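In the two assemblies presented below, chain A is common to both, partnered first by chain B and then by chain C.
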Partner chain A sequence: MADPVTFTVNGKSLQAPAGTLVIDACKRAGIEIPAFCYYEGLALQAACRMCLVEVEKAPKLLASCTLPVAEGMVVQTESPVVVQARKAMLEFLLTNHPLDCPVCDKGGECELQDMSFRYGAGESRFTEMKQHVDEKQWSPVVYFDAPRCILCYRCVRICDEGLGVKALGVTNRGVYSEITPNKGDHLDCDECGACIDICPVGALTSGIYRYQTRPWEMEHIGAICSHCGDGCKTTLGVKNDEILRGNNRDRSGINGEFLCIKGRYAFDFVSHAERLQSPMIRVDGKLEEVSWSKALAFVAQRFGEIKAAGGRFGVIGGERSTNEENYYLQKFARVGLGTPHIDHRRSGDVPALLDALHGRQGALATVDDLYNAKGVLIIGADLAQQHPLLAFQTRADSRHHQAKVFTVTEGPVREDKVAAKKLRAGPAGQLAVVKTLGEDLKAAGELVVLFGDSIQGAAVGELVSFIDSLGVPAKYICLVDYSNSRGTCDMGLLPHLGPGYQAAAQTGMGQAEMLADPALDALWVVGANPLAGAALASQQAFVVVQDMFLTETAQRADVVLPSASAYEKTGTVTNTCGQVQRLRKAISVMGVKADLDIFGLLARGMRLDLGRAVPDQVFEEIRASVHGYNVPLPVIATGGAAMTDPVHGRIPVAGQAQVIQSARDTLFTSGSLTRYSKTLNLVLEAPGELYKP
Partner chain B sequence: MTFSPELEKRFAEMAAKYPEGRQKACLIPMLMYAQDEVGHMTEELKEEVAKRLNISVLEVNEVVGYYTMMRKKRMGKTHLQICTNISCLLWDGDQLWERACQKLGIGHNEVTADGKISLEEVECIGACSWAPAIQVNYDFQHHVTPEQLDKLIDDLRNA
Partner chain C sequence: MYPSLLHETPHPDEQIVLGKRFRLPDSRRIDTYLASEGYQGFLKAAQMTPEQIIDEVKASNLRGRGGAGFPTGLKWSFVPRQSPKPKYIVVNGDESEPGTCKDRVLIQYDPHQLIEGILIAGRSVDAHRGWIYIRGEYRYLIDIMDEAIAEAYARGWLGKNIQGTGFDFELSTHTGAGAYECGEESALLESLEGKRGVPRIRPPFPAVSGAFQCPTILNNVETFAAVPSILRMGGQAWAALGIPKAGGTKLTCLTGHVNRMGVYELALGYPVRKMIEDIGGGIRGGKKLKAMIPGGSSCPILTGEEAWELNMDYDSMAKAKTMLGSGGVVLMDEDTDMVKAALRIIRFYQHESCGWCIPCREGTMWLKKLLTRLDEGVGTVKDIDLVGDLADNMLGRTFCPLGDAAAMPTMSIVRKFRHEFEAKLGRKTVSMAGLSQLVSITG
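And then the complex of A and B:
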């Protein structure tokens, strides 16, 4: 068989690799063939018959979405017969479809509308009554309007193949065919909304977004979801400083079209009723609202006094703050306040991994590498729950590339379904179990290794040398919890390591030690909630908290400064793989300030010279001084993800008492933020049979 | 849910015919045989079959919804199917259908009050050469005359 294959479309000679489908080959050559059911990456369906083309010597029109190119094939995509067939198909699709685009939620971004406009007949010969079925609500976020459905099976396939949930099916026959949820009248699923996003018509609509606006009235801003460490791009639909929806219909970013419930709906915490919108100072034991100038002046004055008296500062940074903020905060702490006590809640042992990989290049896997790897080894993490994008990629890898997947986890995980081997062991025994997989891993030929908090400290080095001993190329992902957990490590919010994992001049106390230190004079917490489940030993400590909500930590604070969410500021974040992406400011919220702005104002109040607190300038400093962050700016400026190279030298990791523990979030939780998201609390699944953490 | 020992044996034989991991292929025969014993597609039956084949109830529903021979509600002890498709129609199959409806006082997919007989107007049952044809449970009757139909119904009523 010739490869590449030469064939002719509309009189134009084209070439494509053998096995390419005609519809794909045409698309690449700039020839559009309309289709509904065909969807790149999903199984072929050939249900909608929109992509019919005329092929020379074939007795009938053929569906180009299931037709591989053949040598010498002559195809017509715009011949009168094809044009006529498309008109007829659309006429059929519209027999029962309501013609009420002006009231349909999909109007303006509906594929059926576009196709009718472009290829449709403009009139119908059907005079019969339309078959009507009432609209149904399947869950708080999913509505189904059967008459609008054109039975393209996209939702059924994305749920089964993409998400591995299989919550949707088609029941009945012919004109009565209907998409049906797995629990009869409701859904028990991930509630990810992929079915809504992928629906070409207005049959599946989102309970969060429907009937709020029109797509053309919104501004569409690419932001990075702040809920887990995967760094999915979520395109926010914004109108009047209100986020109305999140999706990724343009398939941009590292996640393509994928988003989980958190990326798609859980931006709603930004407008939660309990959102702090004014600074507060504790007066007579009670927090009282004050102006920003008063609060900032007070903090600057107290910090100045404590510093002058040689007091002991503890600084705890946040895992959802931007790189710029984290970098500036550690600089503020180490240079401005002169304290070595700086830390954050750690969820994965990134320094140990980077140390174990010292001197290598390209040893860290990107989200894309995971999709292309021949073998995937998952250790100690329930990916479907904690890292939905990485789980999606693993499933896609197994589906498209027949990757060998190995799971070594405590309990059953969804990835078992695609796993070549699934092994069970408690956190302490997982490394030993991995070592029994030697021959299988070797046979896979290439590996991406993902590990959670069960592999930390010396075990990381042991894991890397074991994989090395197999002699197969391997890349690693150290799983961490939130949108910038990785960047927080990279920026040096660690007691013993500065930015770029350079040894700190002086080793300070870790988070647990700070909280337990009765002699602490000041505690500064930025975007974290360390006092959830822990007590502060120091009675006299002056506590400053920057947060969006009155968390347990904020309730103990002497000064609370309301901060901006990830969707209200610019900056960069680094995902669990080490890919840097840029946040774009989507909305403004009254009364709050970005953490970086707060640092800048405090620095000015204390007359500290720490450089300008402007995201772009701080990022320039990061690019110049933090190893691996010298990333190409055009890549991130245009919404792409840039990989950071690991450090080349050894990292002084030994001798540190460390607490590294993942929060073990599920699909429906996101640390302290969970309780402020209406959607996450609205769905019935958590905790459900399928969703036990 | 439990089935009779004969049916259990039949299921076991069926499952052994398919390669490991392809037991899902037993779905249709399993449902049909179980229907013969249970009467119609009860929720309990669908759940049991789904459990045995390790598939979801939704997948069973997809199949059950598609096939009219998988009954969604309880039918009579004898299920009378009368063909009114083209060949039978030419031999007055439609009149047989109307006669049966009048005699029993029920319509399409309905059951007599005593639960003995149910009626269904069916599309071609593949007996065109012997039209008009009717199907009594699994048995065919060929060249049916109105008198034969009356006698059949009377016999069934008195049985």
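And then the complex of A and C:
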């Protein structure tokens, strides 16, 4: 068989690798063949018959979505009979379609509308009664309007193949065929909403977004989801400073079109009723609202006094704050306040991995590397729960590339379904179990190794040398919890390490030690909630908290400064793989300030010279001073992800072991933020045996 | 309990080969079968190489009896015998084509003939597992078949080392759940595997990847039932019963407005005129033949005049732009309302469309609604044109042949009997309110 194959489309000679489908080959050559059911990456259906083309010597029109190119094949995609067939197919499709476009959520971005506009007939000959079925609500976030459905089966496939959930099927027959949850009347699933997004028409609609707006009335702003460490791009639909929806239909970003429930719906915490919108100062034991100028002046004055008195500052940064904020905060702490006591809640041992990989380049895997790897080793993590994108990539890798997947976890995980081997062991025993997989891993030929908090400290080095001993190329992902957990490490919010993992001039106290230190004079917490599960030992500490909500930590604060969410500021975040992406400001919320703005104002109040607190300028400083962050700006400026390679030398180890523990979030939780997301709470209350704790 | 489709004595013109035991007492018992040359074909096949068996079937010119008429020997030769996967035999007993009732007779009166055919097919491709897929409505046939299978196991004609030949074969029945679509071979396989009965993308064809993604021989009941005679008589002798390129006899189901309805075994190429007049005893009430469906309702319809001159074989029917199909001949006399006939046919296909692809799913329903209106006298000339247009738009564009099966008879009826549609225009039989009710109910 010839490879590449030479064939002719509309009189133009084309070449494509053997096995390429005609529809794909044409697309690559800039020739559009319309289709509904054909969807790249999902199983072939040939059900919608929109992609019929004329092939010389074939007795009838053929579906180009299931037709591989053949040497000498002559294809017509615009001949009169093909044009007529498309028109007829759309006419059939529209017979039972309700044509309620004026009120349909999909109106304006509907594939059926676009196809009708481009390929359809000007008028309909259908004068009979239409089939009608009442709309159904399947879950708090998914509604199904059967008459609009064109039965392309995309939703069924994305749920089964893409998510590995298989929540949808088809019932009834013929014109009465209907997409139906396998639970009958409700969904028991991830509630990820991928079915809604992939629906070419308005049959599946989002409980959050429906009937809120017309799509063209929104601004579409690419943000990065803050709920886990995977760094999915979520394109926010914003109207009048309100986020109405999140999706990623343009497939930009590292996640393509993938989003989980948190990425798609859990932006709603920004408008929660308990959102703080005014600074507060404790007066007579009670927090009272004050103006920004008063609050900032008070903090600057108290910090100044404590610093002058040689007091002991503790600074705790946040895992969802931007790189710029974290960099500036550690600078503020180390240079401005002169304290070495700086830390954050750590969820994965990134420094140990970077140390073990010292001297190597390209040893960290990107999200894309995971999709293309021949072998995937998952240690101690329930990816489907904690890292939905990485789980999606693993499944896609197994489906498209027949990757060998190995799971070494404490309990059963969804990735077991695609795993060549699944082994069970408690956190302490996982490394030993991995070592029994030597021959299998070697046979895989190439590996991406993902590990959670069960592998930390010396075990990381041990894991890396074991994988080295197999002699197969390997890349690593150290799993961390939130959108910038990784960046927070890179920016040096560690007691013993500065930005870029340079040894700190002086090793300070870690988070646990700070909280336990009765002599602490001031505690400054930015976007974190350390007092959720711990007590503050120091009675006299002056506590300043920057947060969106009155968390356990904020309740103990002397001054609370309401901060902006990730969707209300610009800056960069680094995902668990080490890929930097840029946040764009989507909305403004009255009364709040971005953490970086607050730092800048405080620095000015304290007359400190820490450089301008402007995201772009701080990022310039990061690029210049943090190893591996000298990323090409156009890549991130245009919504892409740039890989960092933050260290090439050995990393000094702290004298004292640090607490490294993942928050073990599920698909439906996101640390302290969970309680402020209406959607997450709705879904958690909905019936669902799969995910009930 | 179920009316017999056989007459007590065969018509003298019938060529009885497949049906030679039909009229024997206890014809479905294994003893009757064994006493009447039963399982001799298999014992012969057991001595032959797979190639020899397939050559014998090729020599017989046997063509698939399900309707498409694909040469059986050729189909069997496509099975990759070297494949490490197990090979399977699947019998299509989902006989649902309106007007067709031959598989029913074959199972009802001679189930062991079918089992023997399956064994020979199994031997020819080294298959050791088979299923007989029987439509759910044939509940009583499933019982008969199960009994026969149990008998065959008990007497060593199924199971391990059959009759000391060293050949193993396991066989069971599988019931359909009432879908015409599952008579389409790939939908049948989906259904057999426990999935929704919708057709598969082909290629690969079942011979390469059929049941459970393994090489599979999938044929109609009658096709398998013909195989024992072929082995016993020799392929060439069997071929000689028919005409060139289409060997053997064919069970023909004569139904409709005919005096002697029933299932008859006729040599291929038997003239239609003789079939109606001699075998069928003429049209009921001495009336004229208005139309004939030659092989199940999916075939384009023939007018009486057209039909009269044809022979019952694949090529003769193809020349008249129709098909021999499954052998379900439906005769309609001069009093037949062709609009109602068209409506009845499309109602069937609308009900049976699986819904997988757009043109069939939506087209059959639209056609049904249109024809309902035309029948009730509230159509327009445009509607008549539209019927033809819609059928045209479905033809050759659906995922599986069900869409064609719905389009072909509809198109041909409108083309050949347009005057009957026109005669109904303006002769309203229901009020407008009644009509909308009617359309929404039937819809």
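Heads up, the rule we're going with is that the second predicted complex is superposed on the first by the 683 of 693 C-alpha atoms of A that agree within 3 Å, B and C clash if a C-alpha of one lies under 4 Å from a C-alpha of the other, contacts with A are read in each partner's own complex, and residues count from 1 in each chain.
Definition applied: contacts are C-beta pairs under 8 Å (C-beta built on N, C-alpha and C of every residue); 3 or more make two chains touch, one makes a residue touch a chain.
Remember, predicted model here, so these are calculated numbers, not experimental data.
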{"item": "Chain A as common anchor, with chain B and chain C clashing or fitting", "value": "clash"}
{"item": "First, second, both or neither for A:Ala266, with chain B first and chain C second", "value": "neither"}
{"item": "First, second, both or neither for A:Thr180, with chain B first and chain C second", "value": "first"}
{"item": "First, second, both or neither for A:Lys166, with chain B first and chain C second", "value": "first"}
{"item": "Which of chain B and chain C A:Val545 touches, first, second, both or neither", "value": "neither"}
{"item": "First (chain B), second (chain C), both or neither touched by A:Leu44", "value": "second"}
{"item": "Which superposed partner A:Leu61 touches (first chain B, second chain C, both, neither)", "value": "second"}
{"item": "Greater chain A contact set [chain C / chain B]", "value": "C"}
{"item": "First (chain B), second (chain C), both or neither touched by A:Phe126", "value": "second"}
{"item": "First, second, both or neither for A:Ile150, with chain B first and chain C second", "value": "second"}
{"item": "Which superposed partner A:Val573 touches (first chain B, second chain C, both, neither)", "value": "neither"}
{"item": "Stretch in clash, chain C with chain B, out of 21-29, 93-101 or 273-281", "value": "93-101"}
{"item": "Intersection of the chain A residues that touch chain B with those that touch chain C", "value": "169-170, 172-173"}
{"item": "Residues of chain C touching chain A in the complex", "value": "179, 181, 196, 201, 350-359, 361-366, 369-370, 373, 386, 393, 396-399, 436, 439-440, 443"}
{"item": "Residues of chain B touching chain A in the complex", "value": "56-59, 61-62, 64-66"}
{"item": "Sites on chain A touched by chain B in the complex", "value": "166-173, 180-182"}
{"item": "Residue numbers on chain A that touch chain C, as the complex places them", "value": "44-50, 52, 59-61, 63, 66, 85, 88-89, 91-93, 95-96, 125-126, 128-129, 131, 150-151, 169-170, 172-177"}
